[in-house]
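Naming follows writing order (A, B, C, D, E and F), and every chain is counted from residue 1.
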């Protein structure tokens, strides 16, 4: 039942974060072997929201944002707050005032497996948030929690200092230890995809150059000219 | 089983409505003691939708919009239609033609715990709607219901003449009887928040000026420099 | 367990498709007797997305997009891909590269009862997609499926060659056999709605010119001036 | 923001409660004009659970059961606790120890729009509970709430002293003021249904003795011997 | 917009139905190539419910059970009612009186993509029902619908006369045209599974006798004795 | 993208497991500081299901049960399979034949964040399963995954060898490293609860002996004899 706030965490290399952020969620998720994606219910509050940075994790009682307040002073510029609750909640635990405080400390964004409010103001401030819900429901400040412990956020395991990448497609987490390799793999994937893009643009079929036509044959899929059974209703 | 349409309701003071509307949902919800918020599944059909006004309530059979048609003539300019169904439904009970009719009678907006359609047209007309779903599903006009009776809408109790405030954060209801006090409390809250905003902008921590640091100590939350346990995967 | 790809399907008349597309989802759904609407969880990835065209249907294993690759070469310009999975899934089975390939073959849009990714890129390309979820979750290419068989998509029965109409209100399917009649009925409905719009704009009530006032009486709905019961909380 | 515990409430007549309880949820709901039903997600924790009694209402912060503890001393034997939270929660706010305490005070059952735990023990004790979820998630005791104020529970408005009727079909609330009439109407309905049951048992059709055949004709439903269109897949 | 009741449908062979019913849902679903399963939200109202028979299909307006009444006289003994609504609904469209009427006409069970009520009474009568929800919510009888047209029920396409098989695992539909083949394939599968069961009981591994060990190697899955990375929290 | 099967894991003490299992989910969850609970959607397939044991973890592609087959030979008697998928799925990945195989190897139960089938047969065999869904949907065996890596299951982080405790209230995980302490704390809690139970049975109030009456005063909750506001509808 003991709770703690961990002041110092290890952060990944800034260049690595930059590469991952520019690669984007879908590419990074593929580059690390289709892992680390948060559940698709995590949506940005404005369509152009896009961010990458190290995670500072926060675990709260549902309906209580005390630990978010407690987390701000341990953040470094560029960090991303990752907030979870000990059971499911959609309460609006974060609003414009906390956004102002975050920006004053250089915090780059928020991933919250709960609700957010003052979304219009946060969008105007360009403070990017990915949340489960938009809700004005206010919260109390009465129960202990933790800062910078490993958490499960929207189905993904996140350790403090892991890289968070978030854009219109959602949110992915990259473990700090493998971030460098994943950044490299992401760049390779981008190069490869650019070659595929060129070929697809000319009308060439993925079916052919990914070798899938043979796969269809192997699986016994039959090509027929017309469906002989009468379709109907 | 008897149903009725109540023609005359009491409405709150216009100035009160104006103050509440300009304060917005999150502030008003806090100002009245964190009550009156509708469930967060109620979303605006366009991001800049924002309205405040007295509720004219409508209770319908699911899939049947007869009573919406019946409600329009009892509305006054500035009123907001609040539509509920006797069991859950996402059918598109309201569309552009009803929007045209509403605007012709000065109705300021719609809160519907069901579906809405013609959303592109309604957005173009600047007729704000908060709904549970966007659905083109058409409805019949065959079953009796009520106008201007107390209703439960998206989890909140709403009496005719209560003030509805709605914006990007959702929808809140303020009882007519306490609207004046809540408007006053909202103004005070805005002033207080502005003072907090100034301090937060300079980097001061909410943790300090809300006195939460003492709370953490009281709750036994420990500050540690580093997590001695090896995190991993 | 045998699977097939049907190369040739019958398509409806281009003029019919054009009329249905310009009428839009809500009108077409009403014009064919309030049928054919897909579940309202099917949402466009950008607000101005709008399309109409013949369906090329694709049935996939969840988490496997092999058959989408297989479907592209049987499409004609103007066709719309309709993708379903054999059990529920939100995986991102379609992204920007497939979008490029689709556009190279003139495919006009995608209806997918699963997830989509690279939504920002697809919006920039103006490739319209209606999906159940936005998800970067990658997929494999290992299990057989079918192209151009009858499918159930988001609760609606769709045969290859049926007309898909999709806009901000959702997606509706019109059987190929009755598409001509429905197009005609849609035009009539538009004309009739324009007449209603004119009358509603002047403040006339639908209650009166749809004859609903008599209906209220028949149903025993009572008009009262004031609610004599004290409302309260 | 002020909170209160109301000690004295008016309760309905014991005979009325007995009649309503023996009539059951479906009959009572129909007898009062198809109103008062709680959302169908409210399920009993064991199949034979069945109860009727006056409501003592409790409003709690999500994840906090302080006010349940506070409510027990204001209950009379036969009362039913009706517990709601100020925003959605599935936490297990009530378990076996509270059940023991309730039974010591003669409380007849629990309706909770949140979670319950120790369900095996509660079933063994024959303490009936209708809940939104079964969850062992523990709760704190730190935030004020209210006892015996009007609440919205699972979509229904409930005042203290209203009659709760609950069985395998769910939960219905009957306003205290009209409970006597509804009890009478329930008895009439039971008698009428018994007559229908006798006729249906002999093979007579509801279509005939409810006069629905004429309704079908009026609505233009056509009887055809065979579907001339070829059904298929 | 025209609606019809089709009196005569073709039914499959009784022996075929018997075989499919005794094979059960999981076996039949596999035997026909993993197709025809209804969504898993369709649950039996009592655990031992089990039935097989030809489908008589019914399409209703949500919240309106007129067409269920209209369907009973076209049923033959052994038939199963399959009820859908034109948009999603959980209303309790079917209860004990309709169950009595069904049993008087030899109807063997009900599949309803909506709600059911009087579940305790229906269980006592041994009238098996698979439904989306248990709800006492009553319905009206005012809008036309259809009997014995192709329908989509819980995501599956069902034609009148198709075989419905339902048990504790859910509901599967077998097209009438292929029911004989599927019955045969089901019997073969049962025999094959019995041989597997014998081997598994002795401790033999499916990994070996299904040849999956080679598959793991082919996919590059590595066997390691211990995880060298330190797991932690 | 590399996948592995870890053959050897550390398991907790048998006596510790026995104590945790007999304490049950709610007690263990409290004893470890209200942590480790899986989401409440994880439900037992029969009401008396109850089990405790070390976790063998399995990560699968959705709709693919290859890795479940691969996991059986690394299990020891008493182990519990914990199965997750890389994205959400309700497919029936586990049925009676796998249950027979598990029992032949002494496996004590299954926790699966997906679907299960043959539930009647598994109940008859007394093989306890907690699952997200009951579904007959069959699966393929074509994509690599992992055995005995850390996983997130229904929102909880689980390492191989952690203790799983499951009963009618759901599922809780206890980290192997702290299992001994949690077992001890559970025993203390049981003793303390027995003392509370004795007092509650006599009618003493938790409000008094937990000291909550003072808390109510501190929070400003007011006791009033009657609600002076007129409640109504």
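By definition in this document, contacts are C-beta pairs under 8 Å (C-beta built on N, C-alpha and C of every residue); 3 or more make two chains touch, one makes a residue touch a chain.
Keep in mind that this is a model prediction, so the values were computed, not measured.
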Count the C-beta contact pairs for E-F and for C-F, then tell me which is higher. E-F
Just to confirm, which listed pair, C-E, B-E or E-F, duplicates the contacts seen in D-F for more than half of them? E-F
Per the C-alpha centroid definition, the whole-Å distance linking chain D and chain E comes out as 29
Cα centroid separation between chain B and chain F, in whole Å? 38
Which positions in chain E touch two or more other chains at once? 2, 34, 37, 86-88, 90, 135, 137, 142-143, 149-150, 157, 231-233
Under the touch definition given earlier, write down the residues of chain E that touch chain D in their complex. 2-9, 66, 69-70, 72-73, 90, 92, 95-98, 100-101, 104-105, 115, 117-120, 133-138, 141-146, 148-150, 157, 159-160, 175
Counting only contacts in the complex, chain D reaches chain B at residues 1-2, 33-35, 37, 39, 86-88, 150, 152, 155-157
Which of the residues in chain B come into contact with chain A in the complex? 25-26, 29-30, 34, 37, 40, 43, 47, 167-170, 172, 193, 196-197, 200-203, 205-207, 210, 212, 215-216, 219-227, 231-233
Interface with chain C, chain F side, in the complex: residues 61-64, 86-91, 135, 137, 140, 142-143, 229-233
